[in-house]
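Two complexes, one shared chain (chain A), two partners (chain B, chain C).
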Partner chain A sequence: MEAPPVTMMPVTGGTINMMEYLLQGSVLDHSLESLIHRLRGLCDNMEPETFVDHEMVFLLKGQQASPFVLRARRSLDRAGAPWHLRYLGQPEMGDKNRHALVRNCVDIATSENLTDFLMEMGFRMDHEFVARGHLFRKGIMKIVVYKIFRILVPGNTDNTEALSLSYLVELSVVAPAGQDMVSDDMRNFAEQLKPLVHLEKIDPKRLM
Partner chain B sequence: MSGVRAVRISIESACEKQVQEVGLDGTETYLQPLSMSQNLARLAQRIDFSQGSGSEEEEAAGAEGDAQDWAGAGSSADQDDEEGLVKFQPSLWPWDSVRNNLRSALTEMCVLYDVLSIVRDKKFMTLDPVSQDALPPKQNPQTLQLISKKKSLAGAAQILLKGAERLTKSVTENQENKLQRDFNSELLRLRQHWKLRKVGDKILGDLSYRSAGSLFPHHGTFEVIKNTDIDLDKKIPEDYCPLDVQIPSDLEGSAYIRVSIQKQAPDIGDLGTVNLFKRPLPKSKPGSPHWQTKLEAAQNVLLCKEIFAQLSREAVQIKSQIPHIVVKNQIISQPFPSLQLSISLCHSSNDKKSPKSATEKQSPEDHLYVLEHNLHLLIREFHKQTLSSIMMPHPASAPFGHKRMRLSGPQAFDKNEINSIQSSEGLLEKIIKQAKHIFLRSRTAATIDSLASRIEDPQIQAHWSNINDVYESSVKVLITSQGYEQICKSIQLQLNIGVEQIRVVHRDGRVITLSHEGQELQDFLLSQMSQHQVHAVQQLAKVMGWQVLSFSNHVGLGPVESIGNASAITVASPNGDYAISVRNGPESGSKIMVQFPRNQCKDLPKSDVLQDSKWNHLRGPFKEVQWNKMEGRNFVYKMELLMSALSPCLL
Partner chain C sequence: MGTTCHIMPVAEGKSVQQTVELLTRKLEMLGAEKQGTFCVDCETYHTAASTLGSQGQAGKLMYVMHNSEYPLSCFALFENGPCLVADTNFDVLMVKLKGFFQSAKASKIETRGTRYQYCDFLVKVGTVTMGPSARGISVEVEYGPCVVASDCWSLLLEFLQSFLGSHTPGAPTVFGNRHDAVYSPADTMVQYMELFNKIRKQQQVPVAGIR
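Entry: the complex of A and B
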């Protein structure tokens, strides 16, 4: 059976092409508390929230070399929240004037039978993990501090094991394409977190 | 110079000629007397400079005189002198030694002069007394004591002076420090109440309600300044505060939102700026610093501006049948026909006093404080809503937004459901609704009150409930007759006053909806009052043992009433001889007729048919009672008297 054609055209979400601006960093477990404390002071005045999410990464291999990747994510601690399907494009490092990593991004809320639908379409699950951490917000900026847990038995999210002794810190903004001004705000915010965590644009290609 | 006696030197020889030798023959050979110059040279050679003499001046004068004498040979002598120095030829010239000595003396004098001048400055060199031992023992011990005492006293004085100087310095420093410290402590107090941040060398504060959820674009920044224009030496005034705040000029003064309801809408052309009537500035609370009141006032101005901006934005956006008008600082809306709600922003700055406001005094009764207060409540609710509507997405990677909004896709919401998520009532709509309710309530109260005061016979009582909603309140209306409250409880009405209409709930559960027009309520109450009289007769008949023959709330006969319908009742006496018929209309009033037994009517024409005496028990014709001539203070009492008069004596 022939594999369904995979479009390599840039994926856009509706009429507006949304981009995700991203800065990443990490903190060791023991300094998590001071970082949380600092974030509570800097971010919008609201109760800090925790989250437990289960993410599954699906691949669709076509004739092309690079597979098509979709990320399905669901909340484990909030009942009734919709699933979240996300497409992330190739990250662009950009020049020095842009202070954040930029990638194409399409967000869709879906019902819970998403996995079946993706399987039917020919997607195949590549890997899955559980993310557990804290969520902050300042204006349009979203700050997530979380730890990634490996799932020992596939499909069983209760049986997990921490992947590392550190927390991943992500500062992200989803904005329409071309609004590079937001990266300045992000840089300023990252500066204020400086001694605790260094948020940088990390090129995933270099890590591979 | 030492005190050795000087040797007198005479420059003239005692004798004229010196004897060179005395010959054996006794002849004296004289030496040729020395010429003047030779003599001088000889004498000069004999001067011993190392040995001082008492007559220095004299000698110096002589030497000078000599020098003058020798002035003629001066120039050549100088040259000779130089040569002499160079050639090391001593005694080339008779004054050589004198000159050399004078020279060295001059050098020493110069050095001494320099040293003294340096010493006098006391900068680089000081003169220290050589240790006492060096003094010759023959020194007077008393002088020594005196000197040492003087010295130690001087030392002590110096120490004291130094101490005093240090003290004055520290006192001035303290004063300065105190001011500084006061500023810092004030700043600390300010910090406890207001948001501050440092920008460059300035301290800026935040007046805005942004952290509370406000979206008003005014930055609301104030600057903290150090109050330094006070002289330290002068007395510090009571209200002096080392810290001062500078608020933006557009937030100065005092402001408030004024809401009023007028009966008649003025011509739009007449609309102008609403004048302020002056309000005294709020007195600062004792103990609270001066900047606190200043900042609170500025924050109030900011909030009022935000309320007004929000209202005017909504006034323009909302499509209503009668459009809302925004003119200058006034928003005009028409909640009911011929009724005008005006909301205005009054802002007065302290320095600018308008003389107009003093003359044109607004009447305070059309000033709705409740609505003004509610506007403040509403804007705060609005703030809270914007704060709480920001919800964290779950799962965490999802974009920000309302949860129901994201559910709309997967759950396939239709248009109405999506609209219901988004729609929220604006501030203006809410306040107009409240104003409508307030107006309706006051109109209801006025109607009931005027009826109660105008109509005495059935009494009308209103019991207002104390606890109301902003959009609904209720009143219980009782219609009674004086003295018969216990038996006449037929009419009890519950009036629920809403925003647009009044719902009337009868005692038996019937519900009537009245519109906002006051006339409707009045007509309704009038008809209820007229029904009450008939009900009262019915109740009274029960008590008196009379029989109700017929009863009708709405009679279809007789003259047509303009309000409601007339009601009627007919009751018969216990033995059936008499009957009373009452017809009561809201407009026509009451008409009471009594039916007599046939045998009591004298003027009744004899009928051919009714010959038998048994027909005498048939009732005869009705006769109207002249009701206004009856005894009794009210309708029910009169009726009771009538009934008892027609009842047979049971004894």
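Entry: the complex of A and C
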């Protein structure tokens, strides 16, 4: 079902609806180094940042056809960092010429008892995984190159196995609704990464 | 951040407003300095009927609270359950969850009043209102330097007696379970939730005043 364009929705409670603009691609393991090298040259000058995150996806089933999905993410290598709760809406099917996938997004930093709280609310964990990779920034654009690891024993993040022989590359921007020029900037940046990686708008529904 | 405790005094034969004035005058006589205002509010959500059927359990009440002392935070809690401390985007999430959690609009309760600083003590005297009507008084006393409840409860008690006299309460339940644990803002919000629930259950305080 198509979501109504968020730009037409009222601004509730004084907050602006934030949208996530997303382009995705992938590279095989052996091409990782060249990609990292190119990104280090193109992106903002900063210490190379790596991360190890554990993400759990929770569903709340109601009488509606589609369950409500929330993503809870925590850092495994940064002690004391808050947990990150994220809601992602349905992709907006507006403009076919728009270069990036656009969806409503709400990001919330929370305390550590997030999973207990979500269970109390009625959410149930659907799946979890560990993401390990590199983070780059260029202005407001965030580029993440990471590998997904399947968790073999639920809750045990030390015992994991790689899901594939490749790295997922994501270029994303979180910006207020209505700023479509953002996707043009993203496309221009993505052009510079060719032919190492082809970043494109991938509709998650077409994969299912 | 220190250790706080809340009480709900209602003076004999006086209205809410008069009791608040009495307390603030006593504090000013003690030498406390007025330091701005405060506000703590609480909204109640319950699981929508549509979600209940699939879960097969009784609907739970979820409280979403804000405290002007922590302006960038939002507290969400279940009675006898976990208290989540989140940033203010949690309110935006509750709007998205409208289909699953319905807000009981009529039961939004809040307390507003003045903050008084007296040396290491921060005293907040507020009027608890539900909609347009004043339903009671909340007094919060925070002892800044100490974060372990059991270490400073007797000091807090002594200070409370100095300006509340006979209305001084017993130790709050949050202290009871984990006496030696570090006190946190979530504990303050649990106390406010219990206070608001007590006031909600109480009959509306008539002008003549009852205890």
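The definition used in the following text is that the second predicted complex is superposed on the first by the 191 of 208 C-alpha atoms of A that agree within 3 Å, B and C clash if a C-alpha of one lies under 4 Å from a C-alpha of the other, contacts with A are read in each partner's own complex, and residues count from 1 in each chain.
FYI, a contact is a pair of C-beta atoms (placed from the backbone, for glycine too) under 8 Å apart; a residue touches a chain by one contact, two chains touch by 3 or more.
All of these numbers come straight from a predicted model, not from anything done at the bench.
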Practice item. Could you say whether A:120 touches chain B, chain C, both of them, or neither, answering first, second, both or neither? Key: second
Exercise for review: Could you say whether A:177 touches chain B, chain C, both of them, or neither, answering first, second, both or neither?
Suggested key: neither
Review point. Touching A:87 in the superposition: chain B (first), chain C (second), both, neither?
Key: second
Exercise for review: Would you sort A:28 into first (chain B), second (chain C), both or neither based on which partner it touches?
Suggested key: neither
Exercise for review: Check whether chain B or chain C contacts more residues of chain A in the superposed model.
Suggested key: B
Exercise for review: Check whether A:109 is in contact with chain B, with chain C, with both or with neither, and answer first, second, both or neither.
Suggested key: both
Exercise for review: Report for A:61: first if it touches chain B alone, second if chain C alone, otherwise both or neither.
Suggested key: second
Exercise for review: Using the superposition described at the top, list the residues of chain A that contact chain B and also contact chain C.
Suggested key: 107-111
**Study point:** chain B - residues contacting chain A, complex
**Key:** 211, 387, 390, 392-400, 403, 406-407, 409-411
Point to revise | chain B-touching residues of chain A, taken from the complex the two chains share | key: 44-46, 49, 51, 53, 55, 71, 73-75, 77-78, 81-84, 86, 107-111, 131, 133, 135, 137, 140, 142, 144, 146, 174
Review point. Inside the complex, what are the residues of chain A that reach chain C?
Key: 12-13, 15, 60-64, 68, 85, 87, 89, 106-111, 113-114, 116-117, 120-122
Revision key, fill the gap. In the complex, the residues of chain C that touch chain A are 47-48, 50-51, 53-55, 60, 62, 76, 78, 81-93, 95-97, 99-101, 186
